[in-house]
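Have a look at this one before I ask anything.
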Amino acid sequence: MESILLGLGLEEATAQILGAILKALIVLLFFVTVGGVLTWVERRLSGFMQSRLGPNRVGPQGFLQWIADGVKLVFKEDLVPDGADRVLFRLAPYFCLIGVFCTLVVLPWGSGIIIADLNVGLFYFISITSLVVIGVLMAGWSSNNKWSLLGGMRAAAQIVSYEIPVGLGLLVPILISGTLSMQGIMASQGWLPWDWMLFKSPFTVLSFFIFFVGSLAEANRIPFDLPEAESELVSGYCTEYTGFRYAVFFLSEWANLFVVGALTTVVYLGGGNLPGMISGLWVVSLLVFFLKTGLVVFLIIWIRWTLPRFRIDQLMKLSWKYLLPAAFLAFFGQALWMLLTWKLPLVQLAMAVLIFLTFLVLLYLFIKRVSVNIKEQKTSVNSPLPAEAGK
Amino acid sequence: MKTLHNSFESDGFVLTSIDHLINLARANSLWYLLFSTACCGIELMQTGGPRADLERFGSAPRAVPRQADLMLVAGTITLKMASRVKVLYDQMAEPRYVISMGSCANSGGLFQASYSVLHGVDRVIPVDVYLPGCPPRPEALLSALIELQNKVKKEKYLRKK
Amino acid sequence: MNTIGIYELLKEKTNVVASFQEVEGPTPSIYVRSDFLLEAMRFLKEDEELKFEILMNQTAFHETEDSKLFWHLYFDAPKDQDESHSHEELRLFWHLYSYTHYHRVVIESSIPIGNPVIDSVTSIWKGADWLERETYDLLGIQFEGHPDLRRIMMPEDWEGYPLRKDYVNPTAYQSIDNTPSEITRSFQPKGK
Amino acid sequence: MSAALKTDYLTINMGPQHPSTHGVIRFIIKTDGEIIHECDPDIGYLHRGIEKLAESVSWQGFVPFTDRVDYVCAMNANLSYSMAVEKLMGLEIPQRAEYIRVIVSELNRISSHAIAIGAANMDMGAFTPFVHLLREREHINDLLEMICGARLTYNYICIGGVNYDLPPGFKEKTLEFLDHFEVVVEQINRLISYNQIFIKRFANVAVVPPEMAMQYNLVGPNLRGSGVKFDVRVAEPYSIYPELDFDVPVGEGYEGTLGDCYDRYLVRVKEIRESIKIIRQCLQRIPGGEHKAVVKNVIKPPKGHIYFRTETPRGDTGYFIYSDGKTSPNRLKIRTGSFTAMSIIPEIAKGVFIADLVAIIGSLDVVAPELDR
């Protein structure tokens, strides 16, 4: 980027600054697009799951629905409720936005495609997402609305509680790869499923589970969507937000969905790793990365439209009583496992393949069970009467 | 001279087309407030359900008036409720629209002889589309929504000052 | 047990002033004078043979002169009370049911409209709470001993008791104009 | 720092417009953080004065109003009122009409319970079961539309029978629907009723012991959820119910204490199966003949009063009618299931979470217009 600008005859300092701004703009554009498209994907998918159609009027298959929503929200009136803390109320959405937006910097889109490969990438990731809590808390507090306040408090309690098991759970992949750099973690895995972090040992499976559950909670998705539980807290912390500021919340929430999917992909599902012979093709690598991320996102949406939500005490209990000890177990277990099999890579491989095969069997059983539902559904209803059919 | 004067006063090509685009976006994203009081509320739910599916038109339900563009007054409004309806309407952000769904919201309907029923929701808030029926069928509600979309598309959003 | 049996038991075991109302309609009832109500109700609930655990319904209505039905049957009513509310009165009904014996009874009573006060039965059945609040709200009957007698259906600042026969619909409430439109008025019967 | 920290309860206003209050009900709750200390329901936001209107319309003219008293199960409301007036008049109605009445009211019971179950799920955050049940409800609406041309407010059952005879093909379509729906009930159970999170949210919440249920006169599924085996269809049989074979499901503490939210919820699910059973029997036995007794245009029931109750989906609906022999009732009072269910909320919603209050409302199946009338 800078070199192109330098080529245009600009001074180096100017080029640096301009380059940074341009990069940020590109990422922002991507951020908006991803957030928007995901809202459309979620609405269509939820429609599909509920035997509806979902938005299909704007553009092909309603694909441009998110643009319509965005334009509409931008042109809505910007209200600041009476009695609200004006400064905090206006600032809060941007904290949420920055918290999610900055994580895109360290995401490796494929092998070698990364904006800034920090050597503390994962650490940076965990810490920058904490900004979201501040934003949510600020929004809840400043709105001068009791539902918002409750939502904000719930969010703060929930996200802070779940950050601990998630952080501890992520220690397992760090232990295996020996680095905090995202590119490094990705590089320590292979393209084959049993080379993925997920299947490496029983403890990585446990760690994946902890991470996934915790991420759902941090992203405020059902079954952990208590901060904005629609049937309880009306709309939670963003109850009083209108127009553009609400759009920012909306966008960062769905972009967060993508970020969670991407992080899961990078850390546990092998990222954009390719077989050795085509490892140079960055486009394919990007595609693989997006495919895997898409699958994870689909899984999250599927969960969202299937499960009911927890109660606040059950949520806390899950985090502190079950996930936290499990995270410690995973960490120490993995350390022990690595010590025991330090010199025996074949045992490690055998274990990985075994876990992968178990996963396949479980998947088969699950599909079989689900397909029973689909078969039963085919009982006819409202078929035309014999007399009507003859006409 | 007069025609020249008029041409300056008219809206101009750029504004018109931007307006057209904005209106297209707004018309296709009328989020409605989940506000059902009586019988029509069930039909509203059915309209949001699989067979009619309001979401096809980009109308998602919202629980909060702040984020809603469209208020579907579904059902009887009593005098006790009337001031609350006004508050709900005031909480919505501009531009906002109201569909008065069913006879009760239009005029008090079956209950207009009663001591506690408001004679039409238009006594407290302005109404854009009146939808008759007791209760209206989902198809009727969809047609009312399309009618409102047509109204939104014809508005002069940027040009109104 | 049928109503006449319950009535006889009530007469036999307590000194409640009551009368049995045999009418042409499908439901007979027991008329209890209003000052003996609590005693009679407590007996009906606690007696082993009766055991009316349930207050199914409690209601009242405003009886004007032309709708009076059974006045001549109230032989137990004192003479002076008779004169004070000879024109209009509020008649109350309690419908009791027993899950032990699967029988039901209708208790009725009446109070003058000038002084609509009667004992509350909330101490016997908790379910009477809201039923009595509703009766108070719509007919203006004061229940003595009710823990929380407020309006329930109508707003707190509502005037009048809507279910009384002489009630006139308001044309405005809290600065909201509610005068009937031309069309609405054309539906209303003449004279109203 | 010697002075103790002064804390106060947080008063929150829930409703009248709130996604989980199923219409317009308002709760004034005092909470200590998330835990409810005191809950005061404020109703009457949909009080339409139906009881007063009854005093100025004719006896038949009141039937459409009963539709609007409980729009989720309008047929049952029609049935209650019509039977009360018939009892008052001493009117005999044809056997075929009785069968048709039972069929349509049981169909409507299914659709009402579908809404109740779906709404309970939606309050717990699971939208999909609710939408699936709305889809199934459309089929019932189709069937009832075949009969009377209306989807929601039917005005079908009238004094003296039913307004129209069954259309041709109704039996086949109904049987087809029942075959389909039995499967759906199982699917919904697998999807949500046996879901562990859902059970955790509902079980052991807001326990109503049988004694308390009787004190507050809970009725219908809410009473049976507390383990009291009482059904008006069995205890005070009316219409053709004594000839039919069906069970009365009661709560047994399926996943916790007897009388908790989950019991009330599951009783509704089981009642759907019983209704399916009843409809099948009725369709098999339905006799021919007239569908309506001869009733004059202007009826004047004799002087007297009656309190008649039938089993509707939200408990027994009692119609108290006081007739003074004129062309309209002198006093008509409707005692509904939602009203008593609502009056128990201040008692059981103490020391529970805000989220539990939503569960309580969902499990009690409160419908605003039935509550306020």
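Points worth noting:
Per-chain residue numbering starts at 1, and chain names A, B, C and D are given in the order in which the chains are listed.
To be clear about the criterion, a residue touches a chain if its C-beta (ideal position, glycine included) is under 8 Å from a C-beta of that chain, and two chains touch if they have at least 3 such contacts.
Given the structure is predicted, the values throughout are model-derived calculations rather than measurements.
Across the assembly, the mean Cα position most removed from that of subunit B is the one of C. The distance from the centre of subunit C to the centre of subunit D, with each centre set as the mean of the Cα atoms, comes to 26 Å.
Distance between chain centres (mean CA atoms), subunit A to subunit C: 62 Å. Rounded to whole angstrom, the centroid-to-centroid distance between subunit B and subunit C, based on C-alpha atoms, equals 45 Å. Multi-chain contact residues of subunit B, defined as those touching 2 or more other chains: 49-50, 63, 80, 113-116. Shown for subunit A are the residues in touch with two or more other chains, namely 50-52, 230, 234.
Contacts with at least two other chains are made by residues 153-155, 162, 167 of subunit C. Under the touch rule stated earlier, the contacting chain pairs are A-B, A-D, B-C, B-D, C-D.
Taken in their complex, subunit D has these residues touching subunit A: 10, 12-13, 18-20, 34, 121-128, 131-132, 135, 139, 142, 168-169, 172-173, 176-177, 179-180, 183, 186-187, 190-192, 195, 197-198, 200-201, 353-356, 358. Listing the residues of subunit B that touch subunit C in their complex gives 79-80, 82-83, 107-108, 112-116, 118-120, 123-124. For subunit C in complex with subunit D, the touching residues are 23-27, 29, 53-57, 59, 61-62, 67, 69, 93, 95, 99, 102, 106, 125-127, 129-131, 134, 138, 151-155, 162-163, 167, 189. Chain contact summary for the complex, subunit D toward subunit B: residues 16-19, 23-24, 44-50, 52-53, 56, 64-65, 67-68, 71-72, 115, 131, 134-135, 137-138, 141, 151-153, 368-369. Of all residues in subunit A, only 46, 49-52, 146-147, 150, 154, 222-223, 225-226, 229-234, 305-314, 373, 376-377, 379-383, 385, 387-388 touch subunit D in the complex they form.
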